[in-house]
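What follows are several structures.
Note that chain A is present in both complexes that follow, paired respectively with chain B and with chain C.
This part shows the complex of A and B:
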């Protein structure tokens, strides 16, 4: 009797997440998959087949854009890690009490503003008539206005800026859990700052590093706004391409196929990353 | 001044934190190959002192010498000392072998040489063949030995131990005390051990420093600290003692006559008679210094004899004791004789207590 009641409770608690998964994730994906495997042979005539997938591999623009998106995202992830790690280490290990809370909050404050507004902020800074360009001209360092927008570097800046919080938070959490006496023991046994970082801090922070990297990579890969606004028309971002298929070209079949490929390929890259760093998904996601 | 034979010497070592002096002009020498304990209640500054020796904190003033070389300004990774941390601080991301080999790797010792020396030191601490295991696969006592091995493999001049037995259960703690002492003898290295547990300090040490409020109250061999405490704090902190507040009513050479707050009289023999009539004193009397008897006849005339009522019997095997109340209402803790002659003692029984005047220690009351 009692076990029946506890079972009911278990299923009741499970219900919201199951509903969410089924209605919002699994069902749309099944629908998307159905659309992606239907080839248009005439007006309102469809055949089942993998023609849309073949189109991705057949058309260099598609897979090159994908490769470019993936490489840029990996680069953005690496940059975010390089920038985020010292910040997280400083917050977690070198400050305490109020300072720690304040610094953590300061990392968070920009994220209270919508991503669109933040990206426009960058545009104000980087555009031809923007703050940086004007300042450089005033200082006499350049003779005419400089356009800093609409290139890959601008996209990279935007991506790193957008996702750094998602790197800092898991890193602070894992670094916080590193006992200070382990670092002291490292010094006591003759370790140098770099060897302690390499042998003690980084192995301990590995789950946080990996989970931060996964989140940042996925966010960058799936980002639409930043590459379009900061990269301009030539940004060639894979999500932009999917958008074009759905909205401009009205080719839902190819759009769905591209969407599915994005999911599959990004999963493959994450899987590869986990294998290379010898971490498991449950280990990295379970801890943060 | 610095003795060649001393591995560690401190001179007027002082550490100030914001408006608070944690360590106050501490000076001591630790002879080579000895087991030196710093015993004190929590917050007495012993951890700060140890961290200064290890190099994690720098002293505000004073000098610290290891093997005659001043350590002021030397970072922890360049000091010939190793530390066993309170919670051992074994690296959980490494195997036991990598943990023990960590220090050697930092020194750039060759891989095969590291493997050989790691095996050798693990063998010496009685854990052969555990190199490949993870740290969480060991028991508390084994981890302890790995932590010591990790330090000893570097052959430090001084090994510092920061209450490493605190986290162990009682049985294991008793066992590790003996083991630590024998490890120290086997490695023939100077150990500096800090603890708040007086029995750990008494059992293991060659010398004990009793620390209170940033100062050393006394440095001496365990039996000196126990039997001849220099100050009231040492007498009260090391071992059990009955504390009686009294006033000097007469002085006769080395013999004092005291009147307790409850106006009972007692005679005490002191080494120096700097005390004068009318002065307030604290008398410390060890439970085992008091003899129990059922009649007053067999008792010596020199002794302080009083008739008491048993208020409770505390049975604790070999450490059993009785709490008695004397005529003046003082509660006195008396060790139960091991002969078993008082096994039938019950609360409410009348007994006589007696103690020799030279068994008690007498200290002037600290002036407020």
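This part shows the complex of A and C:
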């Protein structure tokens, strides 16, 4: 039994979310797709077709950059997981009380600071006249200035740095909920450290691992600042290409097609990650 | 690998060393940014030339401090304006969404919830270009049809606000929903029994209970808006927010003014962030 007043309330609550999702998310993406399948045949004249996608596959520069971006993002995600897991385990299982809160906060603070500031910090550290190069010279380990910036390793350092918090935080949350007695029971039953890790800790942490990996992959794939500022002249990144098509070349049709491909790739990886680990989007993302 | 199970001292020591190195890695970039804000040199790099606060308060070229650098001050103003709008909108819509998802059962709820989470998995650049393309298409159509100008739909602050709002609302919704779920509905029923109207009960009982979450998500929204780069980059017009201004300056070559701005940003965001974490707990 629903009164008219509560029905009215329901529709009033439904209006803003529908407005938000339809006007700002769904329609723009449909629009993006429509633009991506239109080809310019003359001034203000367009034809429907997949020419822009053909251009992507026909031009090695485009799809190589696409593949490069994807591979480097996967690498960054794997690296972040490997580096972040021991830290999350340490915070969740080996510290208590105040130490735990402090360590957790120390992980959080860089995340609140703008990505631009973090990248700027790495530039000061890594460049030819930077802190690390100067320190190495001072110590007599190298004879002249060394350029550590503008290469793929620098991009990787920056990507891992930018996204590691998004890996550590969900991992700490899931590992925290694992009862120590389960690990003790594993040892009592004769398990070794590695078998306990494999059969108790990692399966329990799976939701955290999946949500961490998805977020980190997404952030790396869609990153613009880090590859542009830390990467060299030939380290292209797909978002940079989209930016060029949109803002510099003013070729919105091709830009939309490239954007749509990036979106398709990131959705596919998210979907695959969820399927492989048998998690749902609401389960993994809705718990932040 | 838990405290109650003994481990060899060497392994323990290695583990601690790794954790220490990790935290040094985390702190290093921010520390150097802060330190070089006080270096008496025109480049933010070694050698150390002596301590100065000229990059904050200086008035003579080349030592023009943040507080006298017009473009940066204007950009801070723009960012604040955008952040307040985004935060206000996101919290308002987020609160409505929380009530919708926690209090109502309806057809298609699971689907709507999933759609609500979508902005989290759409890369910021794509969110930006899709809104750019869509609003420009509308503007073109309207201008062709009416012959008037629709500058609000062209890249500019309105689009920046909408673009940031489009994904920050998801965070606000999640934070406020989590708090609303902990609310005991019998408190509201008691108020209704005592003669309160439905809206009165929500205003006097439920909203005060939600206040910590609302404030926390407002602060987080301000932070996220302030530091957003990807979505903003695609939608920005002639008034650029702070991150875009800093990016342009950084591409031209860095000066310690950027370090000074960064230091201010670090301090402000750390304070706001800590506040957003501790405020909900202390009010409980």
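What to note about this one:
FYI, the second predicted complex is superposed on the first by the 253 of 288 C-alpha atoms of A that agree within 3 Å, B and C clash if a C-alpha of one lies under 4 Å from a C-alpha of the other, contacts with A are read in each partner's own complex, and residues count from 1 in each chain.
Here is the rule we use: a residue touches a chain if its C-beta (ideal position, glycine included) is under 8 Å from a C-beta of that chain, and two chains touch if they have at least 3 such contacts.
Bear in mind that the values here come from a model prediction, so they are computed numbers and not experimental data.
The superposition on chain A brings chain B alongside chain C with room for both. Of the two partner chains, neither chain B nor chain C is touched by A:136. By the touch criterion stated above, A:109 is placed in contact with chain C alone, chain B being left untouched.
Panel annotation: after superposition on the shared chain A, the angle at the CA centre of chain A between chain B and chain C (CA centres) reads 90 degrees, nearest 10.
Applying the stated contact rule after C-alpha superposition, one finds that A:266 touches chain C and leaves chain B untouched.
Judged by the touch definition given at the top, the superposed model places A:74 against neither chain B nor chain C.
Looking at the shared chain after the overlay, A:184 reaches both chain B and chain C. Put simply, more of the residues of chain A are touched by C, taking chain B and chain C as the two choices. In the superposition on chain A, A:146 contacts neither chain B nor chain C. Per the superposed model, the minimal spacing between any CA atom of chain B and any CA atom of chain C is 5 Å. Residues 184, 187 of chain A lie at the contact with chain B in one complex and at the contact with chain C in the other.
Chain A makes touch with chain C in their complex at residues 5-6, 9-10, 12-14, 16-17, 20-21, 24-29, 31-32, 35, 83, 86-87, 89-90, 93-94, 103, 105-110, 112-118, 120-125, 127, 129-131, 134, 161, 164, 180, 183-184, 187, 193, 196-197, 214-215, 218, 221-225, 229, 239, 242-243, 246-247, 252, 255-256, 259, 262-263, 266-267, 270, 281-282, 285-286, 288.
Residues of chain A touching chain B in their complex: 179, 181-182, 184-192, 195, 199-200, 203-204, 206. Touching chain A in their complex are the following residues of chain B: 54-56, 75-78, 81-83, 85-87, 89, 91-94, 102-103, 105-107, 150-151, 154. Against chain A, the residues of chain C that register as touching in their complex are 1-5, 15, 18-19, 22-23, 25-33, 36, 43-47, 92-93, 96-97, 99-100, 104, 106, 110, 112-127, 129-135, 137, 162-163, 165-166, 169, 171, 174, 198, 223, 226-227, 229-230, 233-234, 243, 246-247, 250, 254, 258-259, 262, 265-266, 269-270, 272-274, 277.
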